[in-house]
Amino acid sequence: MMQPNKHVYMSCEASFEEATTVIYGAPFDGTVSNRPGTRFAADAIRSESYGLETYSPFLNKDLEDVRIMDSGDVDITIGNKVKVLEELEETARTILNAGKLPFMIGGEHLVTLGPMRAVLEKYPDAIFVQLDAHTDLRDDYMGEPLSHATVVRRIHDLVGDNRIYQYGIRSGTKEEFDWSETHTVLEKFSIDTLKDLPGIIGNAPVYVTIDLDCLDPSIFPGTGTPEPGGLTYKELEPAFKVFEQLNVVAADIVELSPPYDHSGVSNAVAAKVARELLLSITN
Amino acid sequence: MMQPNKHVYMSCEASFEEATTVIYGAPFDGTVSNRPGTRFAADAIRSESYGLETYSPFLNKDLEDVRIMDSGDVDITIGNKVKVLEELEETARTILNAGKLPFMIGGEHLVTLGPMRAVLEKYPDAIFVQLDAHTDLRDDYMGEPLSHATVVRRIHDLVGDNRIYQYGIRSGTKEEFDWSETHTVLEKFSIDTLKDLPGIIGNAPVYVTIDLDCLDPSIFPGTGTPEPGGLTYKELEPAFKVFEQLNVVAADIVELSPPYDHSGVSNAVAAKVARELLLSITN
Amino acid sequence: MMQPNKHVYMSCEASFEEATTVIYGAPFDGTVSNRPGTRFAADAIRSESYGLETYSPFLNKDLEDVRIMDSGDVDITIGNKVKVLEELEETARTILNAGKLPFMIGGEHLVTLGPMRAVLEKYPDAIFVQLDAHTDLRDDYMGEPLSHATVVRRIHDLVGDNRIYQYGIRSGTKEEFDWSETHTVLEKFSIDTLKDLPGIIGNAPVYVTIDLDCLDPSIFPGTGTPEPGGLTYKELEPAFKVFEQLNVVAADIVELSPPYDHSGVSNAVAAKVARELLLSITN
Amino acid sequence: MMQPNKHVYMSCEASFEEATTVIYGAPFDGTVSNRPGTRFAADAIRSESYGLETYSPFLNKDLEDVRIMDSGDVDITIGNKVKVLEELEETARTILNAGKLPFMIGGEHLVTLGPMRAVLEKYPDAIFVQLDAHTDLRDDYMGEPLSHATVVRRIHDLVGDNRIYQYGIRSGTKEEFDWSETHTVLEKFSIDTLKDLPGIIGNAPVYVTIDLDCLDPSIFPGTGTPEPGGLTYKELEPAFKVFEQLNVVAADIVELSPPYDHSGVSNAVAAKVARELLLSITN
Amino acid sequence: MMQPNKHVYMSCEASFEEATTVIYGAPFDGTVSNRPGTRFAADAIRSESYGLETYSPFLNKDLEDVRIMDSGDVDITIGNKVKVLEELEETARTILNAGKLPFMIGGEHLVTLGPMRAVLEKYPDAIFVQLDAHTDLRDDYMGEPLSHATVVRRIHDLVGDNRIYQYGIRSGTKEEFDWSETHTVLEKFSIDTLKDLPGIIGNAPVYVTIDLDCLDPSIFPGTGTPEPGGLTYKELEPAFKVFEQLNVVAADIVELSPPYDHSGVSNAVAAKVARELLLSITN
Amino acid sequence: MMQPNKHVYMSCEASFEEATTVIYGAPFDGTVSNRPGTRFAADAIRSESYGLETYSPFLNKDLEDVRIMDSGDVDITIGNKVKVLEELEETARTILNAGKLPFMIGGEHLVTLGPMRAVLEKYPDAIFVQLDAHTDLRDDYMGEPLSHATVVRRIHDLVGDNRIYQYGIRSGTKEEFDWSETHTVLEKFSIDTLKDLPGIIGNAPVYVTIDLDCLDPSIFPGTGTPEPGGLTYKELEPAFKVFEQLNVVAADIVELSPPYDHSGVSNAVAAKVARELLLSITN
């Protein structure tokens, strides 16, 4: 008998019960100040993934050897950021409570606040690891406390000093950079010190967020706020071997905006980052 | 001495004091359910206007013979729709209180609610005239009462039955079409009955809103929710001669999304609609 | 428990057992002589359908009132047109044998040959009704008998004279037009005589194929071989009321090539044609 | 023995000696005030022509039955408009002196002045027939007498009153429209009176220029200055039957700007207009 | 007397007799599993070449000092891959038999099989040197033995072990990588060992194939299956100095898909790779 | 009272009197031999600048701490390159005479000749520092002495030998490279020796021109003549620290062509280069 059409990230065809990692999309871009469009990211990554192989020669691992489920995009309340964050938090909670690893595909960066709240509920001492072009440390953006530009500051509200590690940062106000000096660990322009992280935090539970605009716009033009001077794809790759050594309990990739890259390359990059990140954190 | 760069809709170089009509942009697209991007519309229309002439052979009028000011985009609070509506209402109020006609360039259609509230303050019996592909008559959209899909219903909350005239409507839920039968005047598929409106409402104050997606996507692809089967540009043109006969006290054009039309044609269409509408309602 | 992501044409969520019509995609474009890309059409139409409503004000019918299943794209053997046609034929046969109506989304026009063979097995006297810009009546194309440019000639091989009705044709070789005079019923440039078809063929079983390039490239730029001078969307609409009167036993829409229209309008047009066609032929 | 690659408009493979019509490209866009890019038009039309058939069902004529040569683009002196016009004039003169019909593919509209000067040398009483969105009747543009916006005024300098027929005009300054009332024959918005032209001018030699922006931007977005409200392709078609009745001695099509239409539809439209115009004027 | 328009890669204007290298296009993309469009590559490279100089400062050589002919695209049988390969083989044979070097512009990678067969006829001990992102070593693809994903395996069928050198490979199934360990020489991720090849194979006849997707998608987005993590253009450049030292008897560049890069950069990259490759192998 | 809309590069809101640096646009692309479109660059850079921060972490400087004015685009005489150069020269003269630093945004590279003439009037011993992909040293281009391809040769006419420093050059004719050996200082392929310049020229007045195509097309696709093999953004960055040490009296950035990069990344790159260059040369 014929079955309804499924549309999942390649090879991620496990049932919820079988899965150790569960993918979900967060199609929200309601607070972006520049180009919107990240709402279409998760669907684009699913489609594009079929241009890749399931096997990663870099990690020597294969998606066919792990059990991942793709649950689709969360049905969010468009235009209401408070509710959206609750909906995303609740999705992550469901996955965490089932003993699985939540893997979110944004959306703009504000979405990270939802699952991070669920993670802190289960792992109160979780560490937040961010790869990004932007600090996202503003206290408010045009008077609004909840914004893609304030999300890491909101997470700092929850975790306090020395629990946030920021890498690859190359844009922010002078105030943000000054503030970070006493409140977060921040590496400017590159991610070279990321390799030291396992030695520092050991087995602590980790939330990994990859704002894909940490990559240079040459390889990742499809994003809301392109910032020249970022990582090449090859410069990003070692991060995945670091993540293999960490105790990652939840992760996300955010800020792909498909409408701004007609070549589809940004979709392919995001799909490959998703594969490497899934392989590096899924057992 | 050299002056800072100005960027105004062509020929609209009057001072606020001189002007009889004042243009302002509403760069808001926070509740759209499909493709965002209308935040860039007003700026795109200003740039594109210089590809047109100031003279309209259709209306035999010239922008050089009227006094219009372009005050730029309102500095809105991104991500907070309630505040945005207040900010747009306040801008319209300032213009109305100075005895001038406010002319807004959206943005998504929800923005219309702001200036309509200011108009009703000054003209409690104002009529609402809408050219659109969509009814926009939902009572809520995914639980939210303020949305691009509910804006005309919200205006009905303020004006009641028989004060809303809708033309060119070709999309909506069955419930919306049914509801409209007893609450608004609605013409499906075309705008043929618009020509009768002056005879019906006489000199009553009128708010005109043109959702540019009333046009067929063939001539206006750059919009969030393209709906085939709309008006050609030539089918829209007679509307401007009708507006000349009405007592229009405020107007807007909405739903141009420049990122979705790389040819720039949608920008040119919006710029020409702006010219014809400005010429038809400015004294 | 969370479920795997489904991706179906809007509202077509019936099971195979419940459904009276079954959608399937035919992602094949291997014989096109000009721009390829139709392989991506079915997926694009599914995504785009959510920008439409389920209700058609033109037909006054609603997808929510019928039972349709979307079975996804057939898993075709890329690069082997003979096998592909067999695979599509087999899919149609499965649906027909279950007493349901097969609804295919191409793909290039050659794909029509597959389900037409299955239809003729069940309905040997079936009539073939084609809306198209091109005759598709070549006997071979560069020596190849199976091609998007020969598909209707191949169908004539199966059904013989006076069983093929062609509408909207505006391109072909002189030889094709001459040949059609004695072998098919062909209307040039428009579809005005389509309304007479129910009177001519009565209740005979009908296969309907809509090559979307029957539409003018102004409203449908996303196709392999754009041919100016076609139908507006409004000129196409009456066809759906004709199809309501026919005994349609299978149907398809073909030749959407999403990569060639970045605005997404062609996808929206195809999605709306699919809705109207589904509503007009599904009981 | 293998031959160097040729690239000609489809089927136009006659030698210069055999040909009765000779195509040449004018890749110049140096005076445009809005979007440049028409320099790429002739090459794009050649490539796109292979998506069409050589047979026109509208005119019931076939390119395979006439003898046309495509001589490629003239090697112009970029950045020097005076020299460019001389080079185009000389090319037309060479063709005219050989008793053949010159057919130019622009380029911006200024290029028309070159071959028109050569035509007037051979046919001092030639009539100028223009299909266009714009009057092109300015006396100067920003102080410059030679411009795409002044080209028809420059031609009036050569031919005087009542020798210029303008159709489809929908844009210009008030001064231009006023001036045209006593100096040219001008139809606004449509080309309905073109059918009367054979009765008026009889067998007089005619130069036909089609500025493709006479077409609506819905069907022809790829142009420097899109002006909504133009002709559909079907509204343009009758012109070709009028040209069949005129004594056309030279012709051109101008103002296709391929970079502004990624769908390629504008190229296809231009290629089809070229076919119909070639068929209607070539003996 | 005016001549028909030629369209050749810049400066490649030798006659067949004069030429030492002969360019031909292979406009075939019939077996691609992802984005098609390489059929348009050769024509795009010809047009784009005029934005480059004939002189290479990197190689200090000039196209004006060598004699190359561009014979245009082979007239292939669209939709029949077996015939297409025969046609390409025959073209290469003609060139080889005349004592010249065949230089093919694809097309998808399957096309390489055609000329490689002709090369092996003349040089039975030829070495195959491949720069590529993908192994192309599958034994079949969805049951088909002839595919862009199997082409190097088919070549292995002809040449056997240790005659195939693969560089820059970063994608494949685990099975392909495992198989390569005993059958080909394969360098992952980079081309660093290419410089050792002259020392290994000496003066053996060599077929060079550059699948342009060996380049990173940042510099080469216009390809069917973009794979992040590839070579920069500067990392590719040393390869040309290696090719100068080899006895290259035939070469190709494949997998440019112009429709997927509207900026034209991919065309420019392909045109420059063609220039450097032509200069490095032509005497 | 409401004010007319201003459109300036972010934060550059000083009055002419206050400003120490004055920005002006040069919307001219009349002599380009390949893709035109740089006329739109200055406006695009202004709009895009709002996606950046005013603070540069690389230079640790902030636009909010300096006083810059943006005077908009010069009102040039389109189609007359001699006049255009005079108009740009006059603008630069006005700024220089007021004791301020002129900062021009092109336009094609020929525009540099205008302000350079004004600079030499005030600083007869000025040094010309050029970052570029192309030599621009032709003596004429197709017979024309004034061209984007000859502009540096024209500057050599004014300053003579050893006053022109060229970096990053990777394209030119053999003659140009040969000529440069005795007339200019030229570094091929990279800008490594730029760091030595302060030691060589000390406090001499300097004109800095950055042809943005010195960057690799991967990060800067939006330009008229993309030339693979250029600088990454990070490779360009050290130049700004060199410029801090020089006595820069005027500067420009040229050759952004916005229509060729729909992602907007090229605009973002140009806007960031403008910020770094403004910060490095403004006191």
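Just so it is clear, A, B, C, D, E and F label the chains in written order, and each chain counts residues from 1 on its own.
Heads up, the rule we're going with is that a residue touches a chain if its C-beta (ideal position, glycine included) is under 8 Å from a C-beta of that chain, and two chains touch if they have at least 3 such contacts.
Here the structure is a predicted model, which is why all the values come from computation and not from measurement.
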Notebook entry, point to check: Which chains, if any, touch chain B and chain F both?
Noted result: A, D
Check: Along touching chains only, what is the step distance from chain B to chain E?
Finding: 2
Next item on the list: Please work out the Cα centroid separation of chain A and chain B, and write it as a whole number of Å.
Entry: 38
Next item on the list: Specify, in ascending order, the residues of chain A that touch 2 or more different other chains.
Entry: 35, 216, 218-219, 260, 262
Check: What pairs of chains are touching here?
Finding: A-B, A-C, A-E, A-F, B-C, B-D, B-F, C-D, C-E, D-E, D-F, E-F
Note to self: Which stretch or stretches of chain D touch chain E in the complex?
What the structure shows: 1-8, 13, 15-17, 22, 24, 43, 46-47, 69-73, 94-95, 262
Next item on the list: Provide the residue numbers of chain C that touch chain E in the complex, in ascending order.
Entry: 29-33, 35-37, 39, 77-81, 83, 141-144, 146-147, 259-260
Item checked: Residues of chain D touching chain C in the complex -> 50-55, 57-58, 62, 216, 218-219, 232-234, 237, 262-265, 268-269, 272
Note to self: Which stretch or stretches of chain F touch chain E in the complex?
What the structure shows: 34-35, 169-174, 177, 188-189, 216-219, 221-222, 225-229, 260-262
